Amino acid sequence: MMIGKAGPATTSISTADAASITVRGRDLCGDLMGRVSFTDYFHLLVTGREPNAEQRFFLDLLLVAIAEHGLVPTNQAARMTLAADPGSLQGAVAAGILGCGTVVLGTAELCGRFLTEARARTDAEGDGALVAMAAAIRRSGGKVPGFGHPLHKPVDPRAQRIFALAGERGVAGPYCALALATAPAVAEAWGKPLTLNVSMAIAAVLLDLGFPPTLIKAIPILARTASLLAHLAEEQARPIGFLLAAHAEAAIAYEAEAD
Amino acid sequence: MMIGKAGPATTSISTADAASITVRGRDLCGDLMGRVSFTDYFHLLVTGREPNAEQRFFLDLLLVAIAEHGLVPTNQAARMTLAADPGSLQGAVAAGILGCGTVVLGTAELCGRFLTEARARTDAEGDGALVAMAAAIRRSGGKVPGFGHPLHKPVDPRAQRIFALAGERGVAGPYCALALATAPAVAEAWGKPLTLNVSMAIAAVLLDLGFPPTLIKAIPILARTASLLAHLAEEQARPIGFLLAAHAEAAIAYEAEAD
Amino acid sequence: MMIGKAGPATTSISTADAASITVRGRDLCGDLMGRVSFTDYFHLLVTGREPNAEQRFFLDLLLVAIAEHGLVPTNQAARMTLAADPGSLQGAVAAGILGCGTVVLGTAELCGRFLTEARARTDAEGDGALVAMAAAIRRSGGKVPGFGHPLHKPVDPRAQRIFALAGERGVAGPYCALALATAPAVAEAWGKPLTLNVSMAIAAVLLDLGFPPTLIKAIPILARTASLLAHLAEEQARPIGFLLAAHAEAAIAYEAEAD
Amino acid sequence: MMIGKAGPATTSISTADAASITVRGRDLCGDLMGRVSFTDYFHLLVTGREPNAEQRFFLDLLLVAIAEHGLVPTNQAARMTLAADPGSLQGAVAAGILGCGTVVLGTAELCGRFLTEARARTDAEGDGALVAMAAAIRRSGGKVPGFGHPLHKPVDPRAQRIFALAGERGVAGPYCALALATAPAVAEAWGKPLTLNVSMAIAAVLLDLGFPPTLIKAIPILARTASLLAHLAEEQARPIGFLLAAHAEAAIAYEAEAD
């Protein structure tokens, strides 16, 4: 059975025959291998185009910025999974990637949507729209994506560095400006400043560089895969997965509920 | 409860405080961001050291070589998963990574083990050991990892290119030599030549570059994540996931078994 | 670091000491094992209470209804994953479960939300609210969850059977009535009847039985796990995973895009 | 491309047309729904046959025995994943299932292989074979699957209960006898008794009931899915996922390694 309506039965990513592999119209072995970096290739694979110098620089920068942050929940979940199933590195990586959701790692995507809406609203209503948007989110009990951090206060040093480099290299455009202008609007709505974090910086720079908003989440997912592989290599050599679980379990009490 | 014996309660990958993040002893924001590429950072994360020029070159080369090969089963599984659950890009990536097993994508790890054993055996017994190893695997009904390919015959152009570059740049060492010398041993045991494929080339070069054998599988996993993200971006824009499933389903007949 | 605000550090599901395991206040070995069925135990685990006779009957019924539907995309994704990584049954099950999303298998959850809203709206506005809701969804380009099926037309025999049994056994209440009353509202909005499918029947009966709406999705997930295990057992014995992928791949053409 | 050799393009699990669904040769809606329990249906799906009374009793018993054991690593990994990605219940379940490996939850499969080999060896060599097998495993630095438990000492109450019911109901056969006879062999090899745990009891009873060895692992996977859904329902209502991660992280120190 066919679920939904069928569209064109085509792919534009790659094809292969016995002697060659063609990726995005280029010969993999004769042209790409040995010439392009993995970052270039990632850009080519997902967008169909090789990056220009600034796209390459900032793609590397953002992947490096978001990849690793110690024993965050996703890395812990992956290490516990490898401890339980040491035969499947891919299973442990998958467990870690599954935590790339709206709360911790995948927030950049929400930031991208916020900035897209913010741009439309400020274009139509002027800069006051940011204050109105933040206040409306606050009233509805929500959070402005990209604001607040459990550790980095009052600033997230990664966000600071990203905005600085975007400014220096002339790629900061309307989305970086909107991201920075959202900070006082959030502070007004919450009655105190909240940290402008790395996820907002990632989204703003990607949009200013012309990335499609739907690709934003690909950055933290690819970046975190590298970090997961590092944690899992360490777990294989010097395991702490079960130790993490033992300490966590010890902190929680069983409390029966009445039937 | 503590499962197994507890080892040292430490990690050497990273730590953070309110104002900074330290990765492998380096300041993430002040030193790494904007200076190192994502490939460099991946090497630093997993090995604790920044790559030298040849390590960087070949790490990029191998990641580019293995990332993408069209509508392979892992990319199909991921596209079907996204079609079924469009809200979770990370879930679809995870589904794709889970296929990085011994049969198709994760074979490089088995190649690494084969080469490690082959080196020990040929050191002890001379070059005839390769013929003996291949013949023993054949007799037991097994396969020599890294030989054979469903499409690329008689050569896998990626393997050819990798060995060529390893030779040109002077990094080909004993493991590349063993990989190439295994080909005639396999041909003798099977009575016909089998394609020396990309997984064996990846394993051989990584070992010649001094990578720990346990890290070999990290390469196809990271590489394939980039490819999965490209297929999933295309799936979001021009879906074929359900169409793939409809064609596949149509090819299989239901045949009741007697109770 | 603590992400978000910490709530009570307790769990009410189970605890254990050297000699016993206590689940939901009952002794696992002395009381539950050998007395309760797996379906009873599932109900106890997730709700904290053992089911009454009707809850047990319908929990079994709904799990049986939704578990299996042939080579659907989730079962295909799982079979391809096992073919690629035969060493990890759990990895292939996980790949299959990941497709339990909003489009195909997890729709029951959306049906539950629709019915909850429909109840509030019809209570406030009368029965005309259903027509208004369906028309509004149609205008916004959406779908009413639980309506339409790629194969079962004009009726989904599973939905029919569930509603029949719910009626016979006296458990059909306001939510079953709302589900059935939504069918003509949908037909009006779409200008043709759409199949009232199994996901809507599952949600309606669960809500009429007093299940928390947040538990609805647990039913298809547990049910599909049983089906996945059957497909994977068959895959181990008589593999078709790569054959599915070959037929699917053959149906898609590569079409280069202009740069 | 077709990976490997194609076998028959058939499935024997189910088929469907517009008006009906046929599972294992039975009409799902007319025959199975409302008549069979989920446990019966699981047996039918995976084996092609409905269970007899003892198969049903013990399938329920074993699923209940292994489903839940508190904040074990797999449940923690799932709770952390849901905390990070609250929108995907299926993703969190998948993360938990991925830990069903050789060390903690999936051990029953290894027990099944051990018992199968033990039966062949004791048939050929007499009962002394068990001592020889245990001693050989000890010498090679391995573990006898199904022996030892981090909490339950000197006995695992679940194993005790399973063996007692298997004896009472007359289903204990050669595999239960072998499992029990392995305990003194292990005690001799290790110089101290080790707990005969629930995984060995599950494997022994399943083999005595005539289950295929390859199906053993399906039991803990299905059982744990029920437990994961309970923990995730509790996590949605009263979250502890990030609290678990905070306590675990606090127990681990960063220790830089020399370059």
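Per-chain residue numbering starts at 1, and chain names A, B, C and D are given in the order in which the chains are listed.
Everything that follows uses one rule, which is that a residue touches a chain if its C-beta (ideal position, glycine included) is under 8 Å from a C-beta of that chain, and two chains touch if they have at least 3 such contacts.
Keep in mind that this is a model prediction, so the values were computed, not measured.
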(Q) By residue number, over half of the contact pairs should agree; on that basis which option among B-D, A-B or A-D is the same interface as A-C? (A) B-D
Q.
Do subunit C and subunit D, two copies of one chain sequence, contact each other through the same residue numbers, with over half in common, or through different ones?
A. same
**Q.** Centre distance in Å when subunit C and subunit D are each reduced to the mean of their C-alpha atoms
**A.** 24
Q | subunit B and subunit C, separation of their C-alpha mean positions in angstrom | A | 36
**Q.** Chain centre separation in whole Å, for subunit D relative to subunit B (CA means)
**A.** 30
Q: Any chance you could list the residues of subunit C touching two or more other chains?
A: 1-4, 8-15, 70-71, 73, 83, 85, 87-88, 90-91, 94-95, 98-101, 103-104, 106, 151, 240, 242-243, 245, 249, 251-252, 254
Q: Mind listing the subunit A positions that touch subunit D in their complex?
A: 1, 16, 70-74, 76-78, 80-81, 83-88, 91-92, 94-95, 98-106, 240-245, 247-252, 254
(Q) Applying the document's contact rule, which stretches of subunit C touch subunit A when the two form their complex? (A) 1-4, 8-15, 22, 24-25, 48-49, 73, 85, 87-88, 90-91, 94, 103-104, 150-151, 251-257, 259
(Q) Quick check on the complex: what are the subunit C residues that touch subunit D? (A) 1-4, 6-21, 23, 28-30, 32-34, 36-39, 41-42, 45-46, 57, 59-61, 63-65, 67-71, 83, 89-91, 93-95, 97-101, 106, 151-153, 155, 157-158, 160-162, 165, 212, 214-215, 217-218, 221-223, 225-227, 229-234, 236-240, 242-243, 245-246, 249
